[in-house]
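For reference, the structures are reproduced in the following blocks.
Each of the next two complexes has chain A plus one other chain: chain B in the first, chain C in the second.
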Partner chain A sequence: MTTARFGSAFAQRLVALGCVGVVLWTLAPIAWISLASLQTERDIIQVPPYWVPRAMTLDNYGYIFTGRIPQAMVSAGASSGSRISQEARRLLRAVGNSFIVATLVGAGNLLVAVPASYALSRFHFRGSSWYETLIILSRLIPIPAIAIPYYLMVSKANLVDTHLALVLIHLALTLPIVTWFLAGYFRDFPRSLEEAAALDGCSTLRIMTRILVPLAVPGLMASAALAFMTSYSEFFFALLVTQTIRAQTAPVILAAIGNNQDVSLALIAVSTVIAIAPIAVITLAFRHYIVRGYTIGVEK
Partner chain B sequence: MSEINKHQKKDSMTRRELIRQGVALGVGASALGVLVRGGATLTPFGGLKPASAVAAPQTDLNFLVWTYSVETIQENLNAFQKQNPSVKVNLKDVAWGEYHSGVVARMTAKTPTDVLYGSDHWLHEWASAGWIVPLEDTFPQIRSYVPELAPFSVQGMTYKGKLYGLPYYSDTIDFMYNVRHLSRAGIKGAPASWAELASQAKQLKAKGVSRFPVALAFSQSEPFSSEIFTAMVYSEGGKLFDADFNPVFAEAGNPATKVVEWVRQGLRDGIISPDALTASEPDVLKGLQAGTHTYTFLPSYDLADLNNPASSKVAGQFRMALVPGSTHNTVGYARFYALTKMAQDRGPETTQAGWKLIEYLGGKTNGKYLIAKKWAVEKGLGFAPIPLLDDPDVRKAFSKWVNVDVLRQQVRLAKGKDGLSPFYGVWEVKARKELQQAYIGKQPTASALRALSNEWMALKKKS
Partner chain C sequence: MSVAEQVTVMRAARRERRLDHFPYLALLPLTLLLAAFTFFPVGYAGWSSLHELLLSRPQSAPFIGLGNYAEVVASSYFRSSLVTTLLFTVVTTAVTLVLGLAFALLLNAPLRSARVAQVLVLLPWAIPTVAAGIMWRWIFNGSYGPFNGLLYSAGLIREYVPWLGESLGAQLAVSVAHVWRSTPLPTLLFLASLQLIPRELVEAVRIDGGGAFQALRNVALPLLRPTIMIVAIYQTIVSLTTFDLVYVMTGGGPGDATSLLSYFTYVEIFKGLNVGTGSALAFLLGLVSLIFIGAYLYLLKSESLE
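Take a look at the complex of A and B:
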């Protein structure tokens, strides 16, 4: 049956080769930047490049974590150390800020989107179909068009440079699409279980929390992951509403590291690796749920 | 009483005691919190004093900068606050690329901002909007700095004849070249004219020394691209606008045409790197540090990075020469500290504190330009105070990467940007795009320059 489904062995090999190609294409930049993070600045700008690093060093990581200037810069002369990017030293705190905001956004999405999408999927009320259409239409609004109004609201509420400002903005950005996704997800669940529970006297809330939610864990994980990753990597509003390391997130600090004339490719590489590490760990840990959540509709 | 009951009684008494202690702790903590919020502080001996007995009146200043060496800025502020204990400075930073948008948002929303970084190309826009104030109206002593500052820097901080700030740093667009590349190609010295530059570049290419000898940061998103273009026009004795802010660059005989033609031909001949149209300052810097290019036009502080052995494979090989051209003029620009209208509206204490901060950072302390010198020595940043060119520490630090006499000569030949006006910023962004179209031959030079001229006049009419 498998052969019938996928064709000849040659076709299977072709598909496998294609998959390997896609994986390499996706992972190659990550591999390159990981290797670059372990090299000195001079080795990185080598032309032609060192495909296999000539000498590896942890000094770049040492600078981020301890502030100790990399040996290559120290040995080059006292004044050269002062030309190292200071912004890189703020990365750890920025990653922490990103993590806090993204976690709250993920949790907030589940808290609000689950009942909202359940209502959309199960109940018919006036305007329910318009609501889903509006959700899709809202995605068409260019972000810069709403930037100043958002900033004005945040400023008036005295929330500039706070985690709360970012959480609220990111919730506004992610809730519509997560609600829409979960509504479709819930619609695919058979109603028989809920009807049986209702017959047994379960309230709507209990049906949602005790029956639907446990069954929908893969979808919920996928939604939470989507919200988390959107929030974690959001740059525009993070740049607009933050102004000190108290709330600046990883994308903001990464941009600062890369924009100044003391730009160091080695530090950009280290910063990128550190910034994507939490996302990579979380995605790997929950990959089964995430994949299942995104593909369950396809299987049906 | 059974053993079990005794244990239970003991447990319940322990629980009761625990709860009692917990409540006492909670009440105590709440009371302490209320007192602290109310302004009391703990003294070293454990007593409590109300706020009025502890803290002297303090003026809070909100200082906005773009994100560069924020730790160094904070060091400077700590030193300032030590000297001025009645002033507390809250530092905020926004990435350079989004600084202008960030300031617009802050001013629109009236987010507290008292002192901020400014630039010559934004001065007219912000001053005409009433966001920043002329310092010399309230502090006429600021004029005493003028004779010691580079003229292009003073021009860049002046609007309607009034000084709006003191310099953070100032710099010039300079011509840099790799002396070892020239030596390998048998070229004796740096080019003095554009024709000579093209000729040398072709020689370097033919001999395999450099595939694309000229590196330019002409990306549409790179603000320096306009300044580099302006420098090239100035180097031939030209200008972009007349005294009445009318564009002259599209007129017959203006060097702007020659500059555009030179770049276009350079791209065709392969002496200018094709990625010039997508390259920004850091990209050009890295390419030069890798030894792949020979010539470039960048601010002088980039020469410090080109000759930095920690990051450059060609450290020590780069030199500065006067910008090629008949007059060797170039463009100078000014970044400065400005005081906002918001600060002025908050009252005389805030205004005075703001001035103190600006003068500490951009002016003299005990007769010396302490902070400008610190930026120059530690970071290689250019400076506006001319006396610093003779400072032994500055000369020693700069000599590691530049010939200070050549630098001094180029600074003397630097002119401020003409055409600075409230709409210059908007026009300049469009100029980058139009010029690119001309460089790649998508439209004739004359058409591109005429379109830019018309765009300027339309903006001038609206303003």
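Take a look at the complex of A and C:
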């Protein structure tokens, strides 16, 4: 359905204007902090602000990547709001940690959820109907409530401050939804090929890996991407079970930089941009799969 | 029975046997993970909500029945936090639904600007909530925030206002940030549903002399109803359990103006070191979620009976 199709040229222009409005609302905060990341501290705190930057510099990025303190901060000395944060120097490693964890979570989701959802979609066995309801209901609990038992388990297993602890927790957070989604996705698949293969004596495992998986690549990509995104952004548990840069992820370091009262605004801006840039690029690159993944439930 | 037939029967029997095991084996890893990371923690939280469990002396945790629940419900903090959370949930869910629908209608237009917007509109949802919180905290900042700059340049205020330092200002700021971050997903879902509406239906309205508004009211909205319900339920749960934004933007303040129940639970456990009352709070919050879901399902059912 379209509103513009019927409309006059005027109505079309109105709709186009509306679309520009949507983009402005969406991009304004991101654009503002990106511009701030390219300015000096002094320019950032102008009242009223420079709507168009007076001068642009890459010095703030230089500090994150090379540790060289921006010239503007050196000359401003120790005056207010011009301070450096050690955390900012750890940001790149944190982004790296986020990538390691999120990639493993994406892959782990496929390894665990594909057989599970295939079983749920193809076989009726005792308890199969309430199993799906149960795994979805399990996600209703507020997160702080399960923090203490999570921490106890992780420390008992000697996994505090490791990637593995985060991978396991993020797997548990994402698997219910991914399994539920994939089970629905597999149900819509035609079964004739599988039945033919079964008649030829193919084992269920072979049918799954040789027939189902190649056909299901779009759904699998969507699942992996969703798990990746969730893991990359997850903050609470990452804060809970990490202590040092060995395992701290981008949101944890970003929150530490952002909540440091003494840290320079320019550094907060740069850190925010660096933390969101990779995930923004990945999301836009994989958007066809992701959109399809999320909308498949609506289309049924 | 010929040999070939026998072979077929044997193969079928072997397959039957394998089928018996396959689903259980395939579900084993998932079940183990969920048992460890969901069923056990939830059980633990349920147990601790019935015991006086303080992190300052974890050795003794006497059973106190519903004592924690009574303590939480009786506290004035809980009541103010509950009211704030309900208001926040209702307002942001409604705004997100309306904005998502409006965005989807605009973005569904066959225009180049709409196609570009369809891509960019995903961004707020893609980035970590912590980053979104930092951006919006910046925008509403009382000494360098561009929102103040805008009002100041327009001559609406004489000096910058510390929005995050005032109760209502902080509540609105967190709400705006939450709506900004939440709108992409409903937009996406509404867009997908809109694209499924048969063109003939819309054209029929058109032939009958109806305008775009009639098409929206009589064709699109009824067909979108299931999607609206899914989005409402999902968004309600997300709003009820909002934590990251509050942590980054306001720390629950000023005072307890933005202490949503989820943040309050965190404070009870990690600042008050009282796992018992914190867990009780969490279960109360879960109960509120269930009440909301029940209400939506009841609405959906009564509507489909009409």
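One rule holds for everything that comes next: the second predicted complex is superposed on the first by the 264 of 300 C-alpha atoms of A that agree within 3 Å, B and C clash if a C-alpha of one lies under 4 Å from a C-alpha of the other, contacts with A are read in each partner's own complex, and residues count from 1 in each chain.
In the analysis below, contacts are C-beta pairs under 8 Å (C-beta built on N, C-alpha and C of every residue); 3 or more make two chains touch, one makes a residue touch a chain.
Because the structure is a prediction, the values reported are computed rather than measured.
A.B. asks: Would you mind checking whether chain B and chain C clash or fit side by side on chain A after the superposition?
C.D. replies: clash
A.B. asks: When the two structures are overlaid on chain A, which partner does A:V112 contact: first (chain B), second (chain C), both, or neither?
C.D. replies: A:V112 sits against chain C, while chain B stays out of touch.
A.B. asks: Which partner chains sit in contact with A:A255 here, chain B, chain C, both or neither? Use first/second/both/neither.
C.D. replies: It touches chain B and chain C both.
A.B. asks: Check the residue A:I45 against both partner chains and state whether it touches chain B (first), chain C (second), both, or neither.
C.D. replies: The answer is both, since A:I45 touches chain B and chain C.
A.B. asks: Which partner does A:A94 reach: the first (chain B), the second (chain C), both, or neither?
C.D. replies: Neither: A:A94 stays clear of chain B and chain C.
A.B. asks: Could you tell me if A:V160 is touching chain B, chain C, both of them or neither one (first, second, both, neither)?
C.D. replies: A:V160 sits against chain B, while chain C stays out of touch.
A.B. asks: Could you tell me if A:M221 is touching chain B, chain C, both of them or neither one (first, second, both, neither)?
C.D. replies: The answer is neither, since A:M221 touches no partner chain.
A.B. asks: In the superposed arrangement, does A:P149 touch chain B (first), chain C (second), both or neither?
C.D. replies: Only chain C is touched by A:P149; chain B is not.
A.B. asks: Which partner, once the models are overlaid, touches more of chain A's residues, chain C or chain B?
C.D. replies: If we count touched residues of chain A for both partners, the winner is C.
A.B. asks: Determine, under the contact definition given at the top, whether A:M73 touches first (chain B), second (chain C), both, or neither.
C.D. replies: First partner only, chain B.
A.B. asks: Is A:Q86 contacted by the first partner chain B, the second partner chain C, both or neither?
C.D. replies: A:Q86 sits against chain B, while chain C stays out of touch.
A.B. asks: Shared contact residues on chain A, chain B side and chain C side combined as an intersection?
C.D. replies: The answer is residues 45-47, 147-148, 152, 255, 258-259, 265 of chain A.
A.B. asks: What does chain B use to touch chain A in their complex?
C.D. replies: On the chain B side, the touching residues are 64, 67-72, 91-98, 101-102, 105-106, 108-111, 281-282, 285-286, 289-292, 299, 301-302, 304-305, 308-313, 315, 377-380, 397, 400.
A.B. asks: Considering the complex alone, what residue numbers of chain A touch chain C?
C.D. replies: 1-7, 11-12, 15-16, 18-20, 22-23, 25-27, 29-30, 32-33, 36, 44-49, 51, 111-113, 115-116, 118-120, 122-123, 125, 128, 131, 135, 138, 140-150, 152-153, 168-169, 171-172, 175-176, 179, 198, 201, 203-205, 229, 232-233, 235-236, 250-251, 254-255, 258-259, 265, 268-269, 272, 275-276, 279-280, 282-284, 287, 290-291, 294-295, 297-299
A.B. asks: Along chain C, where are the residues that touch chain A in the complex?
C.D. replies: Touch list, chain C to chain A: 11, 15, 18-19, 22-27, 29-30, 33-34, 36-42, 44-45, 48, 55, 103, 105-111, 113-114, 116-117, 119-124, 126-139, 143-144, 146, 149, 152-153, 160, 180, 184-185, 188-189, 191-194, 196-197, 199, 201-202, 206, 211-212, 215-216, 219-220, 226-227, 230, 237, 241, 243-244, 247-248, 261-262, 265-266, 269-270, 275, 278-279, 281-283, 285-286, 289-290.
A.B. asks: Residues of chain A touching chain B in their complex?
C.D. replies: 41-42, 45-47, 72-73, 76-77, 79-84, 86-87, 89-90, 147-148, 151-152, 155-156, 160-161, 239-240, 243-244, 252, 255-256, 258-265
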